[in-house]
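We call the chains A, B, C and D, going by the order they appear; numbering starts again at 1 in every chain.
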Amino acid sequence: MAKVKWGIIGIGWFGEYHGDALAGLPNAEIYALCTRTKSRLEEVGRKFGVKKLYTDYNEMLADPELDVVSVTTMWDQHTAPTLAALKAGKHVFLEKPMASTVADCRAIVEAAKASDKYFMVGHIVRFNPRYWAAQREIAAGKIGKIVSLYARRNVPVSIGAAVLPKIGPIIGDGVHDTDIMLWYTGAKIETAYAQTLNVHGHKYPDIGWTTYRFDSGAIGVCENVWCMPDHKGYFPDERMEIIGTEGGIYLQETYPSLQVVDTKGSYTPDPTYWPEIRPGVRGGALAEELNYFLNCVINGTPPTVITPEESMAAVVACLAAEKSAATGQVVKVAEMV
Amino acid sequence: MAKVKWGIIGIGWFGEYHGDALAGLPNAEIYALCTRTKSRLEEVGRKFGVKKLYTDYNEMLADPELDVVSVTTMWDQHTAPTLAALKAGKHVFLEKPMASTVADCRAIVEAAKASDKYFMVGHIVRFNPRYWAAQREIAAGKIGKIVSLYARRNVPVSIGAAVLPKIGPIIGDGVHDTDIMLWYTGAKIETAYAQTLNVHGHKYPDIGWTTYRFDSGAIGVCENVWCMPDHKGYFPDERMEIIGTEGGIYLQETYPSLQVVDTKGSYTPDPTYWPEIRPGVRGGALAEELNYFLNCVINGTPPTVITPEESMAAVVACLAAEKSAATGQVVKVAEMV
Amino acid sequence: MAKVKWGIIGIGWFGEYHGDALAGLPNAEIYALCTRTKSRLEEVGRKFGVKKLYTDYNEMLADPELDVVSVTTMWDQHTAPTLAALKAGKHVFLEKPMASTVADCRAIVEAAKASDKYFMVGHIVRFNPRYWAAQREIAAGKIGKIVSLYARRNVPVSIGAAVLPKIGPIIGDGVHDTDIMLWYTGAKIETAYAQTLNVHGHKYPDIGWTTYRFDSGAIGVCENVWCMPDHKGYFPDERMEIIGTEGGIYLQETYPSLQVVDTKGSYTPDPTYWPEIRPGVRGGALAEELNYFLNCVINGTPPTVITPEESMAAVVACLAAEKSAATGQVVKVAEMV
Amino acid sequence: MAKVKWGIIGIGWFGEYHGDALAGLPNAEIYALCTRTKSRLEEVGRKFGVKKLYTDYNEMLADPELDVVSVTTMWDQHTAPTLAALKAGKHVFLEKPMASTVADCRAIVEAAKASDKYFMVGHIVRFNPRYWAAQREIAAGKIGKIVSLYARRNVPVSIGAAVLPKIGPIIGDGVHDTDIMLWYTGAKIETAYAQTLNVHGHKYPDIGWTTYRFDSGAIGVCENVWCMPDHKGYFPDERMEIIGTEGGIYLQETYPSLQVVDTKGSYTPDPTYWPEIRPGVRGGALAEELNYFLNCVINGTPPTVITPEESMAAVVACLAAEKSAATGQVVKVAEMV
């Protein structure tokens, strides 16, 4: 069993995390890296012992040895490298959100369909074992038909400050919960209404509150506050409440399953998404989803956890919410596409 | 110090609770009762040892000995007895919500202002020590300026079934959180958007989700689900999250401060709002607010915890939310009045 | 109805809190104060507007107008003023723990029995509505026969530092939970085993862990750590778990019912025991227990919430635990008395 | 890279779970099964598609192709197959507790040391990411020196009924927390004191409460109640509190990170230890520890997460606690070995 050769396009902090997770997967080899900044490229290349380093992804994609690429560029620069990688006959693992416009999502969905390689967007929350368990219970009919959903995914001011120059909370984090709500309900979103507030004057507003109406009648609300108090003691402050006609499900991450108090305050080391399980190696849901995609490639079985169409639907709903926030009006999702 | 003579108009379950709370206040005398159904009147009269029993509140209000009345009639029948009681020169403690229309609220506010007796609406949540403590911290500037609020106040299907033929969740429970949000922010609500869903086919929808935009920029969301699963183990499922520019406050009632597990399931005896502290005597926030009003009467100091105008503002915002749910449009609160 | 004239002997921080609580009871008058330090006496006298100020409690007790006294002296100086007050014909509300030796407890119990006035020890936890609700469920048979109990009552290093020069955690805080366990089980404690640790070098050890065996077979464990991290965010960290043959009860104070996050960290304002409900006025369980005793005096009905014998039993068990910690041996409680 | 050939000796429910976990590891092959009951052997053989089926482990161990064995026999029948497997030159993954006597533990430790193959006891809690994160923080000095520990690991009556005919709660579950406490403190246990209670009349008592004194001065308490109410809604009820001189750590599994409410009550699907992640495949900590051992074998690096001596130390302390419970005396651990 030869190791699968994996490349990463876009080596920001999360591209590096892909490497940290791949480093713990014995059947994968971090084979090639691509990013624009040469010093960064060399630094991360040294860290992972990678020889094949590129500043141009087209050169990297020309290597016939390369099996899989992670696309971890900025969210609004996903489309070109994804299309190029699919065209070059690589399996593609693309970070969320799929893309920044409806047209780009459509182009990616079509390219993925046309390819005989595998494609998947990294909807990491689907690999959180608690969300997964919830879905299983819903599918088993335990809570009946879903009628109300509430999701919270809040991060503190200091994290918001790092991210808000690049992306806003609805498309940046709400896309997770939008996807989960679509997954759990099996319904379509008809309308979106959102309010945003720019508290700290970054490029994007740091608060987003979205209300969805599903075609099943269900109501879903997403809270995405990227200016939670820094001293809250943990982040994300992540919750999900799903009320059905026969029952309900309540999820809560990350506290109170773990709290550390030290001389400065309290915090919760991430036990779920990308915990560093050995120096330089990350486990958790990030490793799970990459390992899942890796096994799909090894075994020749297409990924089924999430389809390209589903990834696109989550983006379209979030874009509808952003439009609502900008216009003050209720937006029909059908008019977005 | 003679006991204050207190009458109750409207002896449903909550009118009786007023009696149960008054029974624990040594300076109050349950002096008179009024309700339409004679058998009910006599039953509750016997329970509290009350001789003065009326089916017509005008007769009761004619008694010059009577000092104070609780008005605990159906929420859409508050206005006439309240106006009559004020006109008769009685102190009036009115249950929430103040009234069912803007016009009725205005009439009550004006009558209360014109009277030299005291008037207060029973916004019981303001007497929950945790909400009160939160307000004190906010007033002390601990969390800076409020930018986002979320409230949940959910009750199970079985409770919903009992109440939904009479009142819906936004005006019935959301009025609590609307009032608290107005109190905490010190701002005005500019717009309301709401979605409702009628799951169980009662007169009123059993789910209401409301988004408010305040003139301070803050966003507030109220979740009012009256069809929470019966086996949740406690109710209300009551939460409040207040995020400010400098900090935040998180409230959670009633679980997990208390959980009882027995052979049938689990439940949380109410430790906060109207716990039965001795057979036939209720304490908690209900007793606190009645005791507060009682002491205002005894000491001749007007109640300041909530003004009639504040009670009206909460109702107006909820009616705007109800209108939004009915029309599918965002509603400007200023156009309601 | 004339106001009941109340005196306080011992004006440390908790004697002052008694005053703060009495200040909120319309039927009580803070009538006399006694403490050794003259400047402190005058300061607190001014605060409460009290004219009758004493440095010698015998002089205070000679006043025939005085109805009730709170004894809030240091825990090992409870006996003399309590006996003197009972002998002088006053109702006595004594702070916990009853006394520091078995002999002193016995003397107080006998004096209380011999008096025709009322006597009660301030076991404030019995007036916490959650503990009270738990007892009611237990008495109603909801959890069957109790087989296991666990109590935690932890406070941070900084609080420990203030108290540990005067009293240790087992007799200081464990006495609360020991009393509650005796109350809930209706059983007697047969043996006590305890371990203590002196982390910070104060007069008393700051950690106490006690295991009780009850004559019913039940096992009870009390955790009393007075050196919890200061940044925990709330205190006390107070829990009670009661497992019975048919069910169980789980109590948790004070977080997570309320959390405030500010620019320095997080904290939970006390919502339960002695919250300041107006400037200079304390409510909560402290006001409840004083009000209860006040109403016993007004109505001429003896207090029944806790008997002197029960207060003594809790102290004896704690002293057995302290002896176990000192000797390393299991101690039979019967040999203590 | 050829697959590692893995055998399982002892196919009770947990031996089967080993198979379910191995089924999800692409580099492992479930190669051989051994159990006494032929029908069970064939049933599980069919489930995993295994051809090599044995009722005598000596026959199985004679197969030179076999690389690794899981020993998942009854806890008091661990020794013989473990010694035989080591003697036969196999890598051995042994379930906890290591053995039922000090002498057996010693024999296993010595055989493991004498072998050039790998040996590890399945202390699964060390592979729970939250416990692991806690250890990392402790090792980094975040909470200073540990002074107090509390662990709860409770399961409901119905689970207790299934297990108590075979093993008791102190050695059965307390061994987890005893090991964790030894791991976190890096200290030795000097004395053990325990109380047990047999509520339901099974072979073993269903309640165990243990107090350890460590040579570092730390105090550790383990709660092991195997008769928690069935309607608690989740299990295990698992908590760990670690208080140090500079901070503290608080762990809580499994609720409230996930709760499902249905028409019968509420429950928490296991998200941590051995969740079924696909039909017939288990993930979580069980898969993690087997995968860890598998990678040790593949890479030729000895396992370091837990040593045989550490596994033995946890058993010895638990046996001291059992002796204390039986005699009513404090037991010195040094006298056990």
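Convention: a residue touches a chain if its C-beta (ideal position, glycine included) is under 8 Å from a C-beta of that chain, and two chains touch if they have at least 3 such contacts.
Owing to the predicted nature of the structure, the values given are computational and were not obtained by experimental measurement.
Trainee: By mean C-alpha position, what chain is farthest away from chain C?
Mentor: Comparing chain centres, A lies farthest from chain C.
Trainee: More C-beta contacts across B-D or across B-C?
Mentor: B-C
Trainee: Between chain A and chain B, what's the gap in Å when you average each chain's C-alpha atoms?
Mentor: Chain centres of chain A and chain B, defined by C-alpha means, are spaced 43 Å apart.
Trainee: Which whole number of Å gives the spacing of the CA centres of chain B and chain C?
Mentor: It comes to 35 Å between the two C-alpha centres.
Trainee: Roughly how far is chain B from chain D, centre to centre by C-alpha average, rounded to an integer in Å?
Mentor: Centre separation, chain B to chain D: 53 Å.
Trainee: Would you please write down the residue numbers of chain B that are in contact with two or more other chains?
Mentor: Only 143, 229, 231-232, 246-248, 256, 261-263 qualify.
Trainee: Enumerate the contact residues on chain C facing chain A in the complex.
Mentor: 229, 231-233, 256, 261-266
Trainee: Under the definition above, what is the set of chain A residues touching chain B in their complex?
Mentor: It is residues 143, 147-148, 150, 152, 154, 191, 193, 195, 197, 199, 207, 209, 211, 213, 217-219, 221, 223, 225, 227-229, 231-232, 243-248, 328-330 of chain A that touch chain B.
Trainee: For the complex, give me every residue of chain D touching chain A.
Mentor: 1-2, 26-27, 129-130, 132-134, 136-137, 142-143, 246-253, 256-263, 269-272, 275, 277, 283-284, 295, 298-299
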